[in-house]
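Note that the chains are named A, B, C and D in the order they appear, and that numbering of residues resets to 1 at the start of each chain.
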């Protein structure tokens, strides 16, 4: 319902279509007193910007953001922060043809069925450009979490058959490789694989992973607002994600309790866990170990090969999609995952503050 | 926040702990005019009731429900339906020991950290008994969906290494096998495997799947209230679920666009899809094909083997859990999955009614 | 939507009809660690209990509450608190006649139009008995607010033409007079007036007022979640309330700015206000002065005089309502007002905790 | 919480400060298919625009709106509609002085206490300019309601002692008089009264009223989402409103049941009421009679007389406010009231669609 708003206290509302005048987000409930500039946000937007490499759509978009409200003398005021990104690379002509038919793997048909018609230009609201608002809000959430000692880091884990090697994990590589892989060698192999598939006019799937460190313990609310439940929703709401895993994820269904249970132990005088199969969440609440989330992303549905489909008149036709499209979604979606995780965690932290009577009384003393 | 309420218009609020006086649910927003009796609900509760077979805990619980409000002369009135299930098999003594330490794989530690203390009897609110309220509400949602021509069916897909064979799918077997598998042969093998693991004082993981047929097209709200996003949250909020897949799920990350895209076609004069890799959801909205969801469930964390852990004084200790526990969670969780899916779909259908101006005007004419 | 749930973090869900098996409430999001017993709640329920005096309905109802969950070893656990009050004085026979027609001033007609039919026994869900759940939850909110140094006190301000005299304000009288007036002399005059109107088979309107002291400053969220906006909703949601005033209320429309503005001043080293026309709320946030709210309550619609109305067949008829009815609503509604105010304030306090970044960081350090 | 979002299905999020770059609103959940242009919205914005007469602030602001998303080929698409109004008349210099002290009757002090500091320019977020977003959204809600045969009309009822005469009610006068009074004679007298008070460097309170005709029956959700409860919140959330009345409002507390009850009768074969003391709402649901709401608005707190207050250093000082201020708030707030009522009603209508099972089934057949 009114599906463009997300979050309870830290609440974001995104708006905008692929080929409208602009896209943006309103962030409401951001605590007052955070230093914030357009540069802080631009840094994150640039990570999802197209046109940066040959494995990305050749569309050039500036995606330059403007803060319209909620910041005064360089600090957030507690009032809603409105951020806008004008659309500058609108070639609506590219898309006029797709008005008449339904692209396989896209939301054309379901949008038409729901609303009776659709803004067909570049996918309209179902375009990946919709995530601009999420990332702008995510930049703010990440900055605030960092002030609290919490880091959120997402990266590409695999592209098609090419997996990153945990032994070669290099954090800096996430921002420097065109694949957003934390492993430069795997990234090179993935680029080759992508080049090959582009030649075949095809596209490729992949996985992305997110690690959260420094999360306080006990965050998340049983039974429906569990932290893993909300993270799953957050990640699954990103277009093209078809599976979400927490910790060992799908592997838990093939294992036994004696192996899957993480033994508690003491470490530096604190309760810790010897292993982390649980991925940092027990009973829907953070347990102090790193939080681990993985998402499986389908191949870009826009491919240049001939495909079968139907048009709005109910005729079966063949189509070949034109335009500018990424051969893989993951590398640019990584920062979207990071954003959605950060927004979800920050909101959960804010909601959790009144869980205990003594803290509530102490707070208002 | 206040995590025991779920849904927007069809809104449920569950309450109760494993060893309290009773457990229950309040269902608000149920449409008026549905025939409803305690039998309708009991049928679903019986599917999750323990003590039915040797692969289930020997605890005997009646789990008999009582409707306290919201039904008049056999029909729902539109006002909140309160359903209560008294706890009758409370042996709190069994659990007194676990008050002092943190069971691996359980929520003991996180509950303590969040709230400062916990109702340690049988897991308290984190017990699987919490799902009684979900299932009672699910029975109502399922009944209403059936009236609309929509069927929701969940079953056990695999137990440890034992997979059901789609070629031997037998719907009746779901209710007749102790494993809730739709394949009696696989079920027999799974029972053997479970018996073996029980001998080893261990527990087993598994997968469950849910298929929805008859769903209208266009249900789900871009961009944050996508149907798959909400289904993921719903399923991941069930204790012990660690991964959720829609359609082809994790497999999409290893495939290519030309294989993953489902071609649209015409069938009996209607738009249809030649394949259903998407699992019935495109762009976050139902597309008319069956909806397919899969969940991976970890092994029961309560095992009888000796385990390492820490106690509330911060001492490392060894424990051996006693009591009555299922060696696998899945068979009794299947009806919980069915319930959560049904509640989520019904709510999405209700929310969707005002998506188009012409329908809205027509409705109030 | 699903209108039986109220609040964001401190969230209550009430259920039950006048003549069902029971009524109750689920309180979710109550902080852990509050001492709570059935006596704490019963004290508030007894204030709204009927049959206590001759100006109250002669129906005798125990309204004895039972806590079913959420409390362990005498303290709230942070999990949902379910409270039930069985109905013991159900004489459904009294009401069978009203099934066929619409009582003036009641919700019979609107319920029928909305839902197609209704539980006509004693008003069903629109009965004043619905407020039992509110008062049970209010008892908890009041107890928690008291621990924070915040007191909420409601009382009857006027009954028909009889006004309480502020100069004779006696707090103890609120609980000892049958009118809930804080002025024993006015109360005696009001009783006479009520006796007179009961002789005339008529009923009477009145006003109630609520004063909150000790509220921290800055609580309430611009622009739609203003404290006065939420208090107005809370009070107006009580059946029979037709007007709500904050501070000087309706009088502000006849005054001038130079008289209505409250001058700020210093008092004991703190910012204070010389007057309190604003009623303790400025810009939708508490300003440190006592919060003042007033409600105007219509006369009991159930009167014994002959009245004109229509029946379900669309025939104009004359009716004379029988049964047991209060001649005035206010004295028993006072504790409902107190409850709704307390619930609203507590929720606003919980929501406010993350308004500033420095407090948020400090909280999780 | 995150107080800038309002509504459930028809959901609006406003943003912007008095002296920021722009103000605006995102409307999410607007049904697809409504014809919508910037002219539709501008017409409503012009009604609240300042500088139109001598009883309005001499500030000249264009308040020209731009639709940035959610409309395609002249029709709403069902996706979020983002509307922006740039600020063009920002003279921040006017306000620099008020950074240091707290203006009586304003939110300066409470904002500072809540957030630690504030955007002091022109009141920042607590400025009346905040209502621009509400009015833009209200224009859309009103247009949609009109398509459904529902009209919402607000006007000035009184200014200080000057009351409009119902016998001289002239609908056209609402838009043509500078007071927004539906009575040209009363309006002329009110203008004289205002001129007098402006000479005295003072400001004036007043009342506004809203009438809704054509509302379907049964809209509003017992018990907390009653239509009158939500309307009260909506109206009380408008700055400077201190009391809200439904129907006879405050008068009900002085009357008796036999006079206050509205007798049902038959009229043209339909159920109707002989009187409308209830103001069109019974049991929290619309009853088919016109809905009547009244609001009491305090005098503009910004007056040019010398006033006592304190500054941020805790010193008592005298101030004389400068700048450009309306001597009365009501005439420009009338369209804000109309907007908030329309938004609230439309949302309630959308939420109500699934109240009955038979309608739900019929809808999806």
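The working rule: a contact is a pair of C-beta atoms (placed from the backbone, for glycine too) under 8 Å apart; a residue touches a chain by one contact, two chains touch by 3 or more.
Note that this is a predicted model, so its numbers are computed, not measured.
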Among the chains, which has its CA centre at the largest distance from chain C's?
A
Look at the interfaces A-D and A-B and say which one is made up of more C-beta pairs in contact.
A-B
What whole-number Å value describes the gap between the mean CA coordinates of chain A and chain C?
45
Computed distance of Cα centres, chain D from chain A, in Å
38
Chain centre separation in whole Å, for chain B relative to chain A (CA means)
26
Residues of chain A that contact two or more other chains, please.
1-5, 8-10, 14, 29, 32-33, 78-79, 114-116, 125, 222, 351, 355-356, 358
Show me the residue ranges of chain D that touch chain B in the complex, using the header's touch definition.
8-10, 29, 31-34, 76, 78-79, 144, 147-148, 216, 222, 349-351, 353-361, 363-364
Would you pull the chain C residues touching chain B in the complex into a rising list?
1-5, 7-11, 13-17, 20-24, 26, 28-29, 32-33, 66, 68-70, 72, 75, 77-82, 84, 114-119, 124-125
Would you mind writing out the residues of chain A in touch with chain B in their complex?
1-6, 8-9, 14, 102, 104-107, 109-111, 113-116, 125-126, 130, 158, 160-161, 197, 201-207, 217-226, 228-237, 239, 242-258, 260-266, 269, 271, 274, 278-279, 282-288, 296-303, 305, 307-310, 314-316, 351-352, 355-356, 358
